[in-house]
Amino acid sequence: MKAKKPIRVGMVGYRLMGRAHSHAYRDYPFYFDTEMIPQLQGIAGRNEAEVRAAADKMGWASYETDWHRLLERDDIDLIDIVTPNDTHAEIAIAAAEAGKHVLCEKPLALSLPQAEQMLEAVNKAGVTHMICYNYRFSPAVQWAKKLIDEGRLGRIYHIRATFLQDWLMDPDFPLTWRLQKKISGGGTLGDLGAHLIDLARFLVGEFQEVTGMMETFIKKRPLGTMTDNLKGRAVSDQWGEVTVDDATLFLARFHNGALGTFESSRFSRGNRAGNRFEINGEKGSLRWDMENLNNLQVYLHEDEPGLQGFRTINCTEEEHPYAGVYWPAGHIIGYEHTFINLVSQMMDGIAAGYNPQPNFEDGVKNQAVLAAVEESVQTRSWVHVSSFQ
Amino acid sequence: MKAKKPIRVGMVGYRLMGRAHSHAYRDYPFYFDTEMIPQLQGIAGRNEAEVRAAADKMGWASYETDWHRLLERDDIDLIDIVTPNDTHAEIAIAAAEAGKHVLCEKPLALSLPQAEQMLEAVNKAGVTHMICYNYRFSPAVQWAKKLIDEGRLGRIYHIRATFLQDWLMDPDFPLTWRLQKKISGGGTLGDLGAHLIDLARFLVGEFQEVTGMMETFIKKRPLGTMTDNLKGRAVSDQWGEVTVDDATLFLARFHNGALGTFESSRFSRGNRAGNRFEINGEKGSLRWDMENLNNLQVYLHEDEPGLQGFRTINCTEEEHPYAGVYWPAGHIIGYEHTFINLVSQMMDGIAAGYNPQPNFEDGVKNQAVLAAVEESVQTRSWVHVSSFQ
Amino acid sequence: MKAKKPIRVGMVGYRLMGRAHSHAYRDYPFYFDTEMIPQLQGIAGRNEAEVRAAADKMGWASYETDWHRLLERDDIDLIDIVTPNDTHAEIAIAAAEAGKHVLCEKPLALSLPQAEQMLEAVNKAGVTHMICYNYRFSPAVQWAKKLIDEGRLGRIYHIRATFLQDWLMDPDFPLTWRLQKKISGGGTLGDLGAHLIDLARFLVGEFQEVTGMMETFIKKRPLGTMTDNLKGRAVSDQWGEVTVDDATLFLARFHNGALGTFESSRFSRGNRAGNRFEINGEKGSLRWDMENLNNLQVYLHEDEPGLQGFRTINCTEEEHPYAGVYWPAGHIIGYEHTFINLVSQMMDGIAAGYNPQPNFEDGVKNQAVLAAVEESVQTRSWVHVSSFQ
Amino acid sequence: MKAKKPIRVGMVGYRLMGRAHSHAYRDYPFYFDTEMIPQLQGIAGRNEAEVRAAADKMGWASYETDWHRLLERDDIDLIDIVTPNDTHAEIAIAAAEAGKHVLCEKPLALSLPQAEQMLEAVNKAGVTHMICYNYRFSPAVQWAKKLIDEGRLGRIYHIRATFLQDWLMDPDFPLTWRLQKKISGGGTLGDLGAHLIDLARFLVGEFQEVTGMMETFIKKRPLGTMTDNLKGRAVSDQWGEVTVDDATLFLARFHNGALGTFESSRFSRGNRAGNRFEINGEKGSLRWDMENLNNLQVYLHEDEPGLQGFRTINCTEEEHPYAGVYWPAGHIIGYEHTFINLVSQMMDGIAAGYNPQPNFEDGVKNQAVLAAVEESVQTRSWVHVSSFQ
């Protein structure tokens, strides 16, 4: 048993991602053999009743109605940002300037220049930073990474990835912040496509060029607000314009020669969380599906003829990254564990004074791909990602 | 191209199995590089209008309304028996005595003694004989057999097998011949369970002892007749007693120490043809499902830790038995191909003068297990299969 | 936000199940909107170094090296028993007599009479009691229960259930407590089969009669001890006799006329946690698999012809029991959540003064089935479960 | 039983597709209740030894070493073209001018203008014509079409389709005709992508605009020839340039507003015949996979909350198009049956004097999409398909 060292956390925001992060801080020391003990020191939100209730419910020791107050406090080491996307930059830069470590939800910013400012700020401050691309931290995805890094797939030829949902298909679903470009910075591309881009960067490599298309299937919606769990609530009988995409599709070429198709959509019936990829390499292939996130399908060409086929691997064995800290083989884990694993990286980074991946640099590179896709949609042509970096 | 040699076939019966067999004779020389060319010489049936139409439809050169006539003809080498079970023995024995090769549908007979007489008859006559346990001839099942024979699974510990259907669940489904013990010899046990017993004997080995239970969920049905494709038609408004089982379940111990559970049922909603097994051995496991009969699931313990999982093998590769004569890898075959493959064995047997498996000896051994299960149900205890042999 | 009320827990034992329970107490108030807040007051274990480390790691406020001490403490309301099976009865009876609520791991006892004494004790003391058949609390299983209770499946004809593992297949795996009948009370039957019996009782109804078979494939093993996560460690070079079953199979008839096959095995390669069932009813069928525990397969005969098929339902929607407290649809939960849900029932029971199910009465009925199966194995015949109650 | 009417077929070519077509002609009258009886009158090929052997093996009554001879014969009603793509136009136009009905393998031609000439020729001659996009004729795909036409999916938002193979990944695989643009007209796009385009046109509607990318991963290969079943054989130690694509990916917008991603590749390990699609509509979704072609996955939003999920429908029921002529429910069919079903359409068309779909008009429209994709790859921009029609 190592000696315990508290890491005092302040979190700005408290909705769906706030719950996922709060839970991860609480659960992390139970599972991991660590000296770093996150302390749920305080959260910030504008609505006092709501923020107080959230603090109470999720176990935070205090709350603030102005996030600047959290940054001023000496008893906070790490600022966690789970607010709508238009506020990430301001908070992250201020936090870095206040000398706090920073964990920020994705996408990093509303634009590439904004993202670059954020990276500059954390670098200048020398604080530890991460961005919350949590799906990397599924044991199955980590195992995929390891297999690829070991050369088990050889040269990568293809990735095809989708993130499909269907919660937005009802025309009466209200115009929440996620559907307003000035707040969210984008629709499915920034929300779902950004995850796909991160998985592709993690597993395949850097993007070279892209060309895409976007569509907003339902163009006007009743004004409203978002509640937890991807639910919304109309707040008036007025209607507003949807300023983000309902679906974005794009093709990509990677620097290593791999080809990719990417598709993010909130209009795909029957897909609640259809975050899936298939990767084909010279020597093998991989398939993963978030709705069944413990499993990795692995095809190895080296298998004997007649015995070649995709193996369904329940990544709950001791060999699988992170799986050993949880339960015996075959006893699955869930969505929330991706956050616990990510928090373990953040804690290790703070403890050892380095930046685990994915961090703000990954956030910037991701944002460059997002920007290139948007540019390609507008110009109806291929766009080099490098032109954004 | 080998020189062609005709094998002149006469078939008694012409319903569902008659179709499957007729098709197999026709299709066999297209796919297989063979000199043996089955000639569809004649079929027999009591209803002249129906048998004439069947002959015409399925391409038989002639028909008879009395099956004895087929046996008397010099232009017939092989008698194929696809009649209800109560007539198998009489026809098969007569055919053997007439010097015809015999292919008989399963189960071989209504009872073990009857089956033994049939075996004696074909042995005495020195004709080639087979019994139509067709599922052995799925490439995936043949591949399973090969893996087991090569020791890839090591010692076998378990088999669990089911054959589940749901076509009989409507209480208005009529009392066809399959539901009358005096004609069928049994219900799901003889019809479906017999297939499971054959697969278990093929893949695991001989049965040592069994104990079972039976149930007839719906005990009276309207009188009626069976049409093709497991459909029935009421022929009157009278009702009769169902004298066979709707479901039979049994446990088994094999001579090699393996344990088995077996279940045949026509009351399993959603299972149209749920003929499935899982076999567990010291070094690996196998899973198969007839509704997806091209696939074999293979688990090999020798796989690296972390990469262990059931492989889904589409058994359409050249390595897979029989698959090479059909289509390229990934291009699946269907139910009817199990019969074509079986016919190829029968033709090879006739050509080379030996009895391929499964033959009447397998039919007898299968019948001994059926008899032991029935006995165990009546005595509510374990019954040694050897006491029936 | 309801007012908080602490429930002070003492736990005897701290290995695999101790971890699962400890975590559930910690996590429960985060997810559930509850006033009941479990306090991890103290744990007991004989090895001081180990129990201290466990208390520290899992967040328990204190520890004892003698479990009697926990029972004597005024600051403990609930005793949780996660010790080997031979100690359940003594601890549970003492805890009840001390006026503590009791949550006990399964199986309840080493024998039916012992189980009955335990039930009598908790009834006499008037404390709240539960037994930890946790798989009932998967949202998918709860949903299955609801569908059956609503009559969506109609009359139940069949259940076939397996709990298959493969962690014991290495002949060098040591002779841990689970493999010694005097401590564990039984092998796969009590460990795995008991879960199947509970699921069958929950979903189908009470058992009427059973007949079974048992096998110990590897009869001698090196002496050793169990560590966490189903791993063992040899403690000497001596060998001892395995006194429990490696596999138990049984057939069953239920009071409502349903038929069942049950199989528990630790010798089924590739099955890490193959806890699966299929239930067939007059109007529909269900399938579930613990290795993918969020999904329920549902077949409804009322579906239009041509559109009938098993639906894969990811039971993460608000409609699914317990799922609403966790994450948005499609965001899966894991093994540990079955315990959190069970704890929520225990807390509700204590709060409202009733015994949630499954409780000690279920433990007794389960033990009666276990006893009947064992008796049937010895007598090689069918045994009425009622003769044990 | 209808009166029989022979349709006398002449076939040019005899390799893989020749086998599939020959078998379909032979098998069609066995399954379908039809008066049209295809007569396998003669085949043509340049290599006399090979064509003679093929005729003998597949049951053709005669052979020619010059395809013009087949067209001159009075005893032939229908010309079936299964030659490499560069010869389709010449043969089809000559056949039409000779007054023969024409069935042509896909893609129709090497270019859109050539395809248009072919359509003009058959229209002018007034003969019946079809193009062999056989996957339409899987019962599951036909069922998908029916569900869409009935409005069960509502407005279509998305299609994503792939046809993935891996037989070309070995760098030593020779430079067969399929890899030479002057003969094949294209690589994966024309071979595999054309099938996807046909399925999309059939199920979703007409393409409006596309943008794509192509890649040839292995640019030089040993000279060689193709044998059956996608195997090749080197014929010298010389190397030649691969002039077709190994993979083509494209995005599409349909006239009805649907969006699509399409991907054809011969470099996708583990995918033997990965012809798959998912279609998402306002009210439901569909999934299909050729490697398991009997199954259609159907999601219907109208299903009750909590019971929504993809249904796995084994399309072998009487309700499913074409399935009724084969076997009982659950007894699957294979790849070859798509050709038998297509032949049934061709025969019906000839009998009734109309052009079934897909015909040369579909061939032209398909070619227009192929041409637009190629143009988009060269111009690196979106291309309107209408500009090619």
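By written order: A, B, C and D. Residues from 1 in each chain.
Quick note on the criterion: a residue touches a chain if its C-beta (ideal position, glycine included) is under 8 Å from a C-beta of that chain, and two chains touch if they have at least 3 such contacts.
Note that the coordinates shown come from a computational prediction; the quantities given were computed from them, not determined experimentally.
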Open item on the list: I need the pair from C-D, A-D or B-D whose contacts repeat those of B-C. Over half of the residue-number contact pairs should coincide.
Closed with: A-D
TODO: Please indicate which chain is farthest from chain C, where distance is taken between mean Cα coordinates of the chains.
DONE: D
Task: A-B or A-C, whichever has more C-beta pairs in contact - done: A-C
Open item on the list: I'd like the Å distance between the centres of chain A and chain D, where a centre is the mean of that chain's Cα atoms.
Closed with: 41
- [ ] Determine the centre-to-centre distance between chain A and chain B, using the mean Cα coordinates as centres, and give it in whole Å.
- [x] 54
Open item on the list: Suppose each chain is reduced to the average of its Cα coordinates; what separation in Å results between chain A and chain C?
Closed with: 36
TODO: Mark out which residues of chain D touch at least two other chains, giving numbers and ranges.
DONE: 271, 308-310, 314, 317-318
- [ ] Could you pull out which chain D residues touch chain B in their complex?
- [x] 1, 16, 20, 22-23, 26-27, 30, 33, 53, 56-59, 165, 167, 229-230, 271-274, 290-295, 314, 316-318, 326-337
Task: Touching residues on chain C, where the partner in the complex is chain D - done: 143, 298, 300, 303, 305-314, 317-320
Open item on the list: Which residues of chain D touch chain A once you look at their complex with the stated criterion?
Closed with: 153, 157-158, 160, 162, 164, 166, 169, 211-213, 215, 217, 247, 249-251, 253, 257, 259, 261, 263, 265, 267-271, 278, 280-285, 299, 301, 308-310, 380-382
